[in-house]
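Note that the chains are named A, B, C and D in the order they appear, and that numbering of residues resets to 1 at the start of each chain.
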Amino acid sequence: MQNDKELAIFEAGIKLGALYHQWIGTPVSRESAASVESAIEKSVILQPYVEEISVCLDRNLMLPNRFGYSELAGLMFDVEIVTRVGFAYCRARLSPFDGYPLMQVVECRETE
Amino acid sequence: MQNDKELAIFEAGIKLGALYHQWIGTPVSRESAASVESAIEKSVILQPYVEEISVCLDRNLMLPNRFGYSELAGLMFDVEIVTRVGFAYCRARLSPFDGYPLMQVVECRETE
Amino acid sequence: MQNDKELAIFEAGIKLGALYHQWIGTPVSRESAASVESAIEKSVILQPYVEEISVCLDRNLMLPNRFGYSELAGLMFDVEIVTRVGFAYCRARLSPFDGYPLMQVVECRETE
Amino acid sequence: MQNDKELAIFEAGIKLGALYHQWIGTPVSRESAASVESAIEKSVILQPYVEEISVCLDRNLMLPNRFGYSELAGLMFDVEIVTRVGFAYCRARLSPFDGYPLMQVVECRETE
């Protein structure tokens, strides 16, 4: 059996993997980025064990193609999520690291 | 070579097919549906030849699962799009028809 | 009302838009590319009005990331599709054009 | 800092969340299901820390729509994955539980 901390870590992984592959490829521009950020946040927060979610998309990478827009790419994501199972919290992050969109556990905490 | 009307029809098909497969599976609830509708509209309007787009998601089909949310499903979409190439306009629709999420050309017009 | 040629064009647009947004972001490598090509072809051929589909993914663009794989990106696609409605056929293509993954009608034909 | 077991759990979560949202919505039939299973497996095995992956899609749920095919839905998935970080292994599963596509850690092991 897994303890609450481990389960919170598992859930954080699920949510980061899920949002990445759900949203990648979405047409986006600097003007519409805020709308996409908000929709992702509102979508992720619905899922079980999610306590907090913040999504920031890197406008600098949104280089307009010949038609003036971009597509949401992995390196644009800077996402922080907090999941909770029982009394255990996991904070995890999706952000660029050395040219790769890395998902990492940032820290875990347990309350009494 | 295709004429403008045919090209407007082609572009309408592209956009409907694209949005369907981009967004299906997104976690959604009655509370977050408006945010998803807005994000889809703002995403589609970025693409070339799109003049108008309206997205309405059927809240009645958003039956909460055991964790209280749903996933965006094909039959939830009621989308109308207008594309334009040159002087030709195409209005097309994605909406449920006999239990299938049908994409159809509604009408085409040419201005002088 | 639209004629068969226009409807074949519409259906070709739907299928190209759909497959692009369904599959983009899939982890892929030069070794697994053939498997993805085959799965896309077998998936698209199921859909109504599709007569032929061929998918070729550009291995040269599959540059390994730090973990040795790539993600399916728009510019990797070279897809040709033939749709038919009644006696009208539409051949359309998704392929890179000037740095953009362009979808185009190649030719239409009507048989008697 | 997380230990290897926790990191293996995190990676298993990422992969299950990712594949679910990458592939859901794909047109599929009983005849093409094996091709999709194979493509998913070959895609997931590319990703870091994945040791084993098996995907079985429930043909019984592939009820043909009016055009004779289905779409890949969450409840069709029966997936088992083994991830490894250092000497720690995590076996996790995505399968239907009480009408919900549940992702669970099955067991973890550490070798010496």
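FYI, a residue touches a chain if its C-beta (ideal position, glycine included) is under 8 Å from a C-beta of that chain, and two chains touch if they have at least 3 such contacts.
Predicted model, so just to flag it, every value in this text is computed and none were measured.
Simply put, of A-B and A-D, more C-beta pairs touch at A-D.
Compared with subunit A, the chain whose C-alpha mean position is the greatest distance off is C.
Both subunit A and subunit C derive from one sequence, and where they touch, over half of the residue numbers involved are common to the two copies. With centres set at the average Cα position, the gap from subunit A to subunit B is 25 Å.
Subunit A and subunit C have Cα centroids separated by 29 Å.
Each chain gets one centre point, the mean of its Cα atoms, and the points for subunit A and subunit D are 20 Å apart.
For subunit A, the set of residues touching two or more other chains reads 20-22, 25, 67.
For subunit A in complex with subunit C, the residues that touch the partner chain are 20-21, 24-25, 65-67, 71, 74, 98-100. Residues 2, 5-7, 9-22, 92, 103, 105, 108 of subunit D are the ones that touch subunit A when the two sit in their complex.
Those residues of subunit C whose C-beta lies close enough to touch subunit D in the complex are 22, 25-29, 31-32, 35-36, 38-39, 42-44, 46-48, 67-69.
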